[in-house]
Amino acid sequence: MIFQPAIIALLLAASLSLLMLIIASPFAMQVIRHWDITSGSERQLKLERLTYLFSTLVAFVCLVQILSALLFVFNADKMSVMFVGAMCAVGALNVNEFGFPALYLQLALFFLATLWLAINHADSQARDYPLVKLKYALLLAAIPLFALSLGLQLQYFLGLKADVITSCCGSLFSSDAPTLASEVSALEPKPALLMFYGSLIVAITLSGWHWRDKGNLSGYASGLGALAAFVASIAGILAFVSLYIYEHPHHHCPFCILKPEYDYQGYWLYLPLFAAAAAGMSAGVLRVFANRPSLAQVVPALTGRLAGIAAISYVLFALIASLMIWQSNLILLD
Amino acid sequence: MKIWIEKQKHLIDFTLASLARRKGKNLGLLFIYGLLVFVLASVALYTHALRTEAQKVLAGTPEIVLQRLVAGRHDLIPPGYIEKIGRIRGVQKKEGRLWGYYYDSVVKANYTFMAPRNMQVARGEIIVGPALERSRGLAAGNGISFRSYSGELHTFIVADVLPQTSELVSADLVLMHEEDFRAFFKYPEGHVTDVALSVANPQEIKNVALKLMDALPDSRPILRDEVLRTYASVFDWREGIMLALLSAAILAFGIFAWEKAAGLSAEEKREIGILKAIGWETGDVIKMKFWEGLLISLLAFLLGYIAAYLHVFHFGSILFEPVLKGWAVLYPSFTLTPHIDGLQVATLFFFTVFPYTAAVLVPIWRAATTDPDTVMRG
Amino acid sequence: MLELTQIRKAFNQGKHNEYWALAGIDLAIPEKQVTALRGPSGSGKTTLLTILGCLARPTEGRVRLKGEDISGLPERFLTEIRRQTFGFIFQQFNLIRGLSAIENVVLPAYPTGRPRKELLEKAEALLADVNLGHRREAKVEWLSGGEQQRVAICRALINDPEVLIADEPTANLDTRLAGEFLGILEGLADKGRTIILTSHDPMVVESEIVNFIVTLRDGKIVEQ
């Protein structure tokens, strides 16, 4: 175990989030069991009041999740000096088998939390709170995931040994290692470029369409488009955007771009990208509830707005990525 | 969207007014909160600066230093020892170094005497570090005498003072000619203190060290990376211990914040009741309280951090030098290079704002959900 | 405009000290009229008023506002309706100390997100209407009882509600001030606002501006 302030902070944040959710779970059970919107009984009034606590709590946990995912990567990057062979976050995350799963789960939890907040927002605008039971069931279902996240982080940090020789981005994302990441990195710049811009244009068009039309078809389509564009964007960052930032034809790394050496350019890419993906995918999922009578007005308005956010964020992302490519001195394609 | 922004502006307006109306209570909270940030940030800034300083010291040193052991103790390296090593793959350069410690009883401090390879110092002259310049009042052209371990007095002329880049690196250095060095410490001709080896490829360092152990069983190779890591972990460990001790303080602070928020004054409760009765929604009250918490947190964080910055980098960390610094005796005074680190700010934010928010969440909710009809009943 | 059917309200439901403050109320409040509730202390006037004004939900029964059933609505929506439709004047005035008169008047409009400039103009006009224009920057705790009540009236009107609700509005005023208050109320009623008030004060209940009188006893309506 490496005893470091950032690690303690991360573990503290994860355990407090989990603890808060666990303490809240009996109340969530009560809501599921006794919710009756037509009743004016004091118990129902109490339950309704509890829902305010939950949405505040989940919003808080969601915020913590975003910050701790950032801190996690940031910290991994800083720790890389301690491991032979590690040059950036990739190396430090690779020190044992829990590093990357812990990161992936954190990102997944971020998307889940934003989705929950979107559902919560829709639900609290409908006069009969139609999704209340579903919401709290989802919350209960998420608790094991939060526990798993804490467990993975704990395993990862406990398993850090300074004398481990790890492999860093050079080998993980090099074109001849047999991993998925390296397959992606090995994409020829030209098809990768086409896929990147193609999927972004499709996603932006679909989201823009849904923004205007607010229909069911466009809603699902824009959700799928957002997902596809997210995957393609990550692949694009691996395959060529990072190369342009590093101005190096073989340095495929999604983390080094976050470093001060590269002026923290990665944050400019990831912030709009994650915002776009979260908004777009939430819009897609919310469409499922569009035909509930009391949500018939609420959901289209909300998904339309989310799709608008997704479209704008993807445009921003594409512009920033293009600007970085344009300003680079590297020439991949002629 | 415009309505939303306008509404948040109203809420912030109201929050500012209500903070101003309860000056005493809020200043108290701000003080405690800021104090917590100050202490934590001081620890973090201080250890971090020490760590970077140590890294700077080590950055200029060779990848491997080879010492010879006699009866388990560090001893001089005799002539011909280096040649015995022969050629090792990956080693770019190897050279013997001449250096030693000297205790100056006048100012009760240790100096590092050294005969540099990459720099010419004339016989009878020395170049000194800034610490000597200060403690002995030396300047270029002055003369100074040291009594060697054999009892003779040696007099040198100060040719130059080293620039003050990183004080830990060069503060106590005294550079002199090789012949002067040998005469001062009575080093036999051809003997050196240790051997420095430079290895270009970091992956090779371990192999080289293993081969050295093989070839010279009485030697001890010291790897720079290992020292770096040990340093880093020692500092982390100290910082960790400090923070762990302080987490008790954080906890106390959490309870304090809870009390403050839970024990809302009757006046405040009445206000929230009024707001709810005249048309504020529970969510609006929560948002208003959220802005209040955010304003207090940011202000406390900013004040605490700035105070800590001044404390560490301008007032020499007077408050806890004794706890954190191991080498205070060697370096009577040195200023740390100011440095702010993103990870550290983020970590501090987690240690302070996070517990505060978690502690006030439930009390705020409880206050915000007071019955709107309570104000109708005296 | 407001219709109550079979309204019952319990306090401490399910506990040993369960108490039914309203025991089956059927009542229709006519639009653009002044309705007064009266009855002995503890008869449930205030409780009924909180239900009429959407400050509280009935334990049982239905509340209809302009034909729409609002009895089962969660607090969030009830608040919205309350903000748009009702203005409140309380017995203790319930102004927020430390804020100026005009700041108090604009408070109910904060959640609507209307621009500040517009709000201040409206508040100034309202204060001028009740001859308080010159006191708008004064802290409310320095105002006299009558002035405080006029500030409270302005506050109740800032969101332009259709219904004004007043609980014992004259209990803290002397006869002269109560008369002034009735004058203001009359002006508002003439402009077509619906007004519901409770009072012990015969001067209020028997004044000619009151169109309907409802008498309560033990949580039931005994006379209408």
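Per-chain numbering from 1; labels A, B and C assigned in written order.
We take it that a contact is a pair of C-beta atoms (placed from the backbone, for glycine too) under 8 Å apart; a residue touches a chain by one contact, two chains touch by 3 or more.
Since we're looking at a predicted model, the values are computed, not measured.
More inter-chain C-beta contacts link the pair B-C than the other of A-C and B-C. The most central chain, judged by C-alpha centres against the centre of all protein C-alpha atoms, is A.
In terms of their C-alpha centroids, the spacing between subunit A and subunit B amounts to 33 Å. Computed from the mean C-alpha positions, the centre of subunit A lies at a distance of 49 Å from the centre of subunit C. Measuring from the averaged C-alpha position of subunit B to that of subunit C gives a distance of 63 Å. Contacts with at least two other chains are made by residues 49 of subunit A. Shown for subunit B are the residues in touch with two or more other chains, namely 282-283. Shown for subunit C are the residues that touch two or more other chains, namely 75-76.
Those residues of subunit A that touch subunit C in the complex are listed here as 37-43, 45, 48-49, 124, 127-129. On the side of subunit B, the complex with subunit A involves touching residues 44, 202-203, 206, 225, 228-229, 232-233, 236-237, 239-240, 243-244, 282-283, 286, 342-344, 346-347, 349-351, 354-355, 357-358, 361-362, 364-365, 368-369. Subunit A meets subunit B in the complex at residues 2-6, 8-10, 12-13, 16, 20, 49, 52-53, 56-57, 60, 64, 67-68, 70-71, 74-75, 78, 81-82, 84-85, 162, 260. The touching residues of subunit B, counted against subunit C in their complex, run 2-7, 9-11, 13-14, 17-18, 21, 267, 270-271, 274-284, 371-373, 375-378. Remark: subunit C residues 10, 12-14, 57-60, 71-77 touch subunit A in the complex.
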